[in-house]
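Chain naming follows the written order as A, B and C, and within any one chain the residues start at number 1.
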Amino acid sequence: MKKPLITSILAFATVLTACGGSTPAATGAPSGGVTADPCGVPVKGKCPTEASGLTGAGATFPAPIYTKWVDEYNKLTGIQINYQAIGSGGGIKSLTDKTVDYGATDGPMSDQQLTDAKAPVLHIPMVMGGVVPTYNIPGATVPLKFTPDVLAGIFLQQITRWNDAKIVAQNAGVTLPDTAITTVHRSDGSGTTYVWTDYLAKVSPEWKTKAGFANSVNWPGGVGASGNAGVAGAVKNTPGAIGYVELIYAIQNKLGYGSVQNAKGKFVEANLDSVTKAADGITLAPDLRVSITNSENADAYPISSFTWTLTYTEISDKSKAQAIARYFWWSTHEGQAFAKDLGYAPLPAAVVAKAEEKIRSITSGGQSVLPK
Amino acid sequence: MTRTFDRAFAVGVASLALLVPLTLAAITVLLLIDSWPSLTTFGFTYFTTTEWDPVKLVFGAAAYVYGTLVTTVVAVLLAAPVAVGAAIYLTEFAPRVVRAPIAFTIELLAYIPSIVYGLWAIFVMVPVMRSIVEPGLQATLGQLPVIGKLFSGTPIGLDLLSGGVVLAIMILPILMAVSREVLLAVPPTQREAMIGLGATRWEAVSRAVLPYARPGIIGGAVLGVARAFGETMAVTMVVGNSSRDISGSLFVPGYTMASAIANQFVEADSDLYFSAIVEIALVLLLVGIIVNGVARVLIRRSIADRPAGAVV
Amino acid sequence: MTVAVTAMTPSSAIPMRHRVVVRRRIAETVIVGLLLLATLVAVVLLVTILAYVILRGLPAIDIAFFTQRPKPFGEVGGGIAPALIGTVMLAAVSGAIAIPVGIAAAIFVVEYRSGRFAAPVRFAAELIAGLPSIVIGVFVWALLVRGLVGHYAAIAGAVALAVIMVPIVARTVEEVLKLVPNSLREAALALGAPRWKVILSIVLPTARAGVLTASILALARSAGETAPLLLTALGNDFFSTDLLRPIGALPLAIYRYAISPYDDWHTKAWGASLVLVVVIGAAGMLLRVVARQRVR
């Protein structure tokens, strides 16, 4: 029985490489000996018919890795992908208005937003990251522990000073000063806000009724700043401030960030492992819109999220469709290698497989743009 | 043939020139069309509600209007004494040699782009506000009965007061330039008559010159108000950008109408949300037209129409 | 600084009148002191702002700053070259639109004063001049980005800047055209020159310096505008001169870097501000030179 099995495996592998399909590995392996279509995948260089430039706009959550990607992709292909981090809300609106070639968001489009887009939109997951509570407490050098109640209480403006009993209870060894807490939130439409408020809504019924979860909510107080960068900046400049940012923003700016108690009661810090674990065992919806906050996994970081790029399924300009499909392919394959250094978790294999499906479904004039 | 060319030239010039009123009309029309859903859905409550909720799709810009008014009032209250004072000093009392150079130096402030003011405000002004000025105000004026409320709350630095202060610095050169122009236009006979009657220099200025110049100076203040109303970037960077209930304190983060648009325009995805933002722009357009018109009428009347030697 | 006032009282002054005079003089000194204080406040403010821009901006200035494009978020190094090129390009295109339109508007208002539309043109120019630049950004976004062009593009940014510049050009050129003596026009017309020749060959050349002043003023103003560009040009971290693609600009770079948390970017924001201020300052100097020639 072994021989036929090995033969079929070898045959299957040959067929795979001939089609140019790559296995969902973190580093892209060059395809086999068959001459690959220059406009196919994996991407080796610019293909003759694809567009030489694209405009993308949206989330600031993945901006550090997206800007890294466009830089690397430019070195590889010479294509200029101008990504502007204007916030997830901006990404969604720009895509809906068709003022950009693709959008990016960490808060998946709602059903209403998808309807407003008037044509089918694909959500393509790119990386995973964690949103951390970052703070500026003069004198506190040890990372703080936050329970869901404390986080909700702070942002509901019910816990107003750092030496509040509820905070002290979790952080026995730390001297917390009697400083007022200033909450910093996003003033622009933000997927990071979506992730943060999605989590708070899950752990705090009061938050759910008072503010809800979305890219932009009615915050019960606090200061607003623009972009993950703006929030990090505001926290950095304001003693006693607490905000929420994607992990890399806290790290790059040497801001303190705390661990959060997850659904299983464990205090977990956001890192590669804990964020990856948040996606363990999830059932992916067919359109790939899924929330992974407050995961039931024991070691999962509870405020984790996918981040997606958005594109129309049907793109009339073929050169742009090709460029988008190929760039997205590269991002979900070769691009994953850059995730770790920037504090993002690469996509699990199962998710990459789904992403491939979606990318292959991009059409121009009804025809699939990636060769089989 | 020359006549045809002459006519063609006139038509050419006219077509280019008419682009200007055409643009103004286009602005008005486009803003009206795009804000229509909000205008019809909320009507007048748009200006009386502070609830601004993109999730529940309820929009009331009262907090933005309040923020604009507060920052503008603070700006004028701070800038006017300094600007008018400097203008008077430079036209009446300063040694003649330094008058023009110093005036020129101060007017240079007008050439600094708004974004540079914003940058300076974030990194230099706000920390000073947060650690020195606001605690200081709280400790002194904040203890008084009625106006103390203005200075209550934790000083963050990113608040309405900072917005007002940066606006004050930005309208200072306009106010000063206009005041100076108006003061220089006062006929010397006014001063000379007073001095001939035995007045000190200051008395001459305050009793004969200033009342004469008052409409023009007020016109300049109105111009400053117009500038403050529409200033976007510098204010956005320091005003706090948090829509909240209208409290009485200056130490509270707020929005101005212009900063609300700057922050939320690119991402207002639902139709109603988008039209609510455009309605803010429409309001700014209308207010800008009114205020600007009033200012220019006041100034022009003050400078141009007074015959020499007229008594106030 | 008080001017000695010769009181018209006889030398045998009653002591009370003398005290009154002294009191008035003290009041005067105090008040003038306050006025001087006001002046100093204004001067100190300007000096402080310029000092910070220079001191904090200079460290950013190096060759890379002017020649390289930005590095990915968080990485140190790189430069703002695309934004510099963008500002120059936007200035060129918006100037090409705004200066002719502005001059035409001024000519229309001054030379064709009896026309029915002269007043509306003037009125509209003044009103547009008073509009917040964000409103103009919203307008151009709706007209071009959402409408005619279909996406964020440099041309939209240029049009937005042009709308802001036209009233500045028109107002300044109008003042200058009014200064041209009517006798010149009348003499030319009496000699049989057609209207268009009078304007192009006689009036405009006489007002040449003023036209130049107007152009420089408008360009300097447009170089510092941020809000409308946020909604139209979007920004571009790659080198681009394509009118149909988004483009970067100095004020955009300053804004985004200023609100970021990265120290390197903050320094670059100061550096870009320094460049802007120097350019505008140079424009101002140029204006003075041109103005002096005009007087001559």
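Everything below uses one rule, namely that contacts are C-beta pairs under 8 Å (C-beta built on N, C-alpha and C of every residue); 3 or more make two chains touch, one makes a residue touch a chain.
What you are looking at is a predicted structure, and each value in this text was computed from that prediction instead of being measured.
**Student:** Does A-C or B-C have the larger number of C-beta pairs in contact?
**Tutor:** B-C
**Student:** Considering only mean CA positions as chain centres, point out the chain farthest from subunit B.
**Tutor:** Chain centre farthest from subunit B's centre: A.
**Student:** Can you check how far apart subunit A and subunit C are, centre to centre, with Cα atoms defining each centre and the answer in Å?
**Tutor:** Each chain reduced to its C-alpha mean, subunit A and subunit C end up 42 Å apart.
**Student:** Counting only Cα atoms for the centres, state how far subunit B is from subunit C in Å.
**Tutor:** 17
**Student:** Would you mind listing the residues of subunit B that make contact with two or more other chains?
**Tutor:** 122, 266
**Student:** Residues of subunit A that contact two or more other chains, please.
**Tutor:** 86, 94, 225-226
**Student:** Pull out every residue in subunit C that's touching 2 or more other chains.
**Tutor:** 259
**Student:** Taking the complex as given, what residues does subunit B use to touch subunit C?
**Tutor:** Touching subunit C: residues 2-3, 5-6, 9-10, 12-14, 16-21, 23-24, 26-27, 30-31, 34, 81-86, 88-90, 93-95, 102, 105-106, 108-109, 111-120, 122-124, 169, 172, 176, 195, 198-203, 226, 229-233, 237, 258, 261-262, 265-266, 278, 281, 284-285, 288-289, 291-293, 296 of subunit B.
**Student:** Residues of subunit A touching subunit B in their complex?
**Tutor:** The contact residues of subunit A facing subunit B are 86-94, 96, 112-113, 116, 180, 182, 185, 187-189, 211-212, 214-219, 221-226, 234, 237-238, 240.
**Student:** Using the touch definition from the top, list the residues of subunit C that touch subunit A in their complex.
**Tutor:** These residues of subunit C touch subunit A: 71-74, 145-146, 150-152, 234-238, 240, 242, 245-246, 256, 259-262.
**Student:** Give the list of subunit C residues in touch with subunit B in this complex.
**Tutor:** My answer: residues 1-3, 5, 7-8, 24-25, 27-28, 31-32, 34-39, 41-43, 45-46, 48-50, 52-53, 56, 100-101, 104-105, 107-109, 112, 115, 117, 120-121, 123-139, 141-143, 163, 166-167, 170, 194-196, 199, 220, 223-227, 230-231, 251, 254-255, 258-259, 266, 269-270, 273, 276-277, 280-281, 284.
**Student:** Using the touch rule from the top, collect the residues of subunit B that touch subunit A in their complex.
**Tutor:** Counting only subunit B, the residues touching subunit A are 51-56, 122, 126-127, 130, 154, 156-158, 240-244, 253, 263-264, 266-271, 274.
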